[in-house]
């Protein structure tokens, strides 16, 4: 029964990840050319959309990695409770929110408002990081939802990994106000970070 | 066979809940700044979207709670029939409708038309409440779709809970016309209400 | 193996039905009020959107019934082949198309272009009807995909039902050009028609 | 366990295919008629949208065939690893991207910018072809993810088929710059090509 519950929450979450990741493209508007319509002009306009493509790729892999991570998360759980449902709901809220800061970044990254756009994007990642920390806290507090075979050492290791993530995102958020590119670059570093975290998990599984 | 039918209706409903909850973000448009574009201006514009964030969070948790509740609902059923399919269809219609009153609320909550916007939002909740009452009536009438182990006492308890919900929403709808904030505040109270209802169900399961 | 294939095609089709039905709401735009913004004005504008609500409800139940019917369809199949996949693909193409004629109907039903809007809507239903006939033909030709326990009599009965559907839609399409309301009214009659067809199927199952 | 992982990746991919295919319709905007609104005018405007219908059908069947092919792909796999997940992620990124070049093609195919629009569309197909080649390389390199019963001969055959696909798309991309229709026509030929590939796979299964 508990297992069926868990599966359904997982399937619902998966659905939201899949929809959010596919909605990203709707934020790129087809360029409107009023005068001097020609092949060269359209080509130029499509190239000038580069911040949109950049933001799309950024958010696509961000959501994809979150999905893989979320997936790994559920492998530690023996059951879920109402508190976990709401912590997971908060995480999903932030996931559905991603297309909006992505669109803001796409429109303003190549303008003089790039700092605000980057900070808004990195700030969203800070919120998502908080959501993951909250989710882990809900699950790991007094080991209430964690499978018995998971060692205390691993629980602390994962907790620390999420905390480190939070600090990195917070740094990227603050730095964005002063240097947009540097802030985003740090933010992107979470790709590598989370991928490494997943490898650690995979490693554990083998042992 | 009947069990497989039920599963498929549940999966289809889950899909609609997941899509509706993720579409909410599409209603928030990226601010367009024509003159004096700067970091401060964009920040100001993003802050001025607060009614959109408010409406998004409101509807996100509204749909999430409805999903959890809908989920709990199916646990009482031994089978479904055509009438139930259409009652469920009416509920899903209202769920897919939610992004629209959410967008109306987002755009007009901070204007002199806030009463109509709030009433429209609360009115949608009244309709959803009617749909849930109808769904329960279809299932519980002569116990036609209810599992044998569910006591008559519990059936009446749940019926009363849905009725109380209807009355609360209706009140919030009427009050909205006179005081937008008060109407919405009552409407939000259904969060707590339905969460409590879910706890009651969970309680029952344990006993 | 073949059963798993069938399940996956069914799940994919279900997903498309669920998404198309939920996207309908995106076609209703939030009214923009530039002058004289007030509660009364917003209320008036929301009421003036009645063709949108009408079209939404129409298409919602149209897709819902198609989904139920599609669902019933798969119960007759013992397996599927490539031809069936493409016939089903054509049906799904038309299902994903529905939000567009719905939006056209919503915008123009209350104008002097209502005949074209209605005919476009009914014409889409003609295409969907053709898709269902094609699907049944693909499945029933030489009984290649039909389960052995289905009688020839039932196969002919279902074929005739789909053919009758096609003729009714075609009539609604033609009549729309002369009388928009009458055309749509006939088109809506397919609700009752398909519901009856489903009951027939359910009846068969019991016997 | 590994089998469950594979299923979940397959389900997630299926979801993205289903959503992307259904979002295509959102790119067709309802025609706005300001002056001389009449049945004839609306009919004319609906007919003038023919490039949109054309692009919709094109991309619908392109995604449908990709889905069928993706589906066939997973039948060869005994397990998946992290590299495969990212190669699959790259493919899914390109699938979610399709609605955008489709919309560009729809708006500019009937204008003097048709070469750029067609080349952009065919260029997207080149990227997708690269993604499939990468996916197969990840799976087939040292046979790391391929089921033992699949012969080396078949692996090479499939690899060659994907390579041929890449060359055909690349040709269609280059030709588009000089002759938009010819480029697209070659691009459409991948329908037939992939359908044939699927038959080959089906053939193999029978033997």
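Here the chain labels run A, B, C and D in written order, and each chain numbers its own residues starting at 1.
FYI, contacts are C-beta pairs under 8 Å (C-beta built on N, C-alpha and C of every residue); 3 or more make two chains touch, one makes a residue touch a chain.
In this text, all values refer to a predicted model and were calculated from it rather than measured experimentally.
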Numbering shared by both copies at the chain C-chain B contact, with half separating same from different: different
Angle (degrees, nearest 5) of the CA superposition of chain A onto chain D: 90
Between chain B and chain C, centroid-to-centroid distance (C-alpha), Å: 26
Centroid spacing, where centroids are CA-atom means, of chain B and chain D in whole angstrom: 37
Touching two or more other chains - residues of chain D: 15, 19, 23, 26
Contact graph of the chains (line, ring, star, complete, other): ring
Chain A-facing residues of chain B, complex: 14-15, 17-19, 21-26, 28, 30-31, 33, 37-43, 46, 56-57, 60-61, 64, 67-68, 71, 195, 198-199, 202
Parts of chain D lying in touch with chain A, wherever the complex brings them together: 8, 11-12, 15-16, 19-20, 23, 26-27, 82, 85, 89, 92-93, 96-97, 99-100, 103-104, 107-108, 111-117, 120
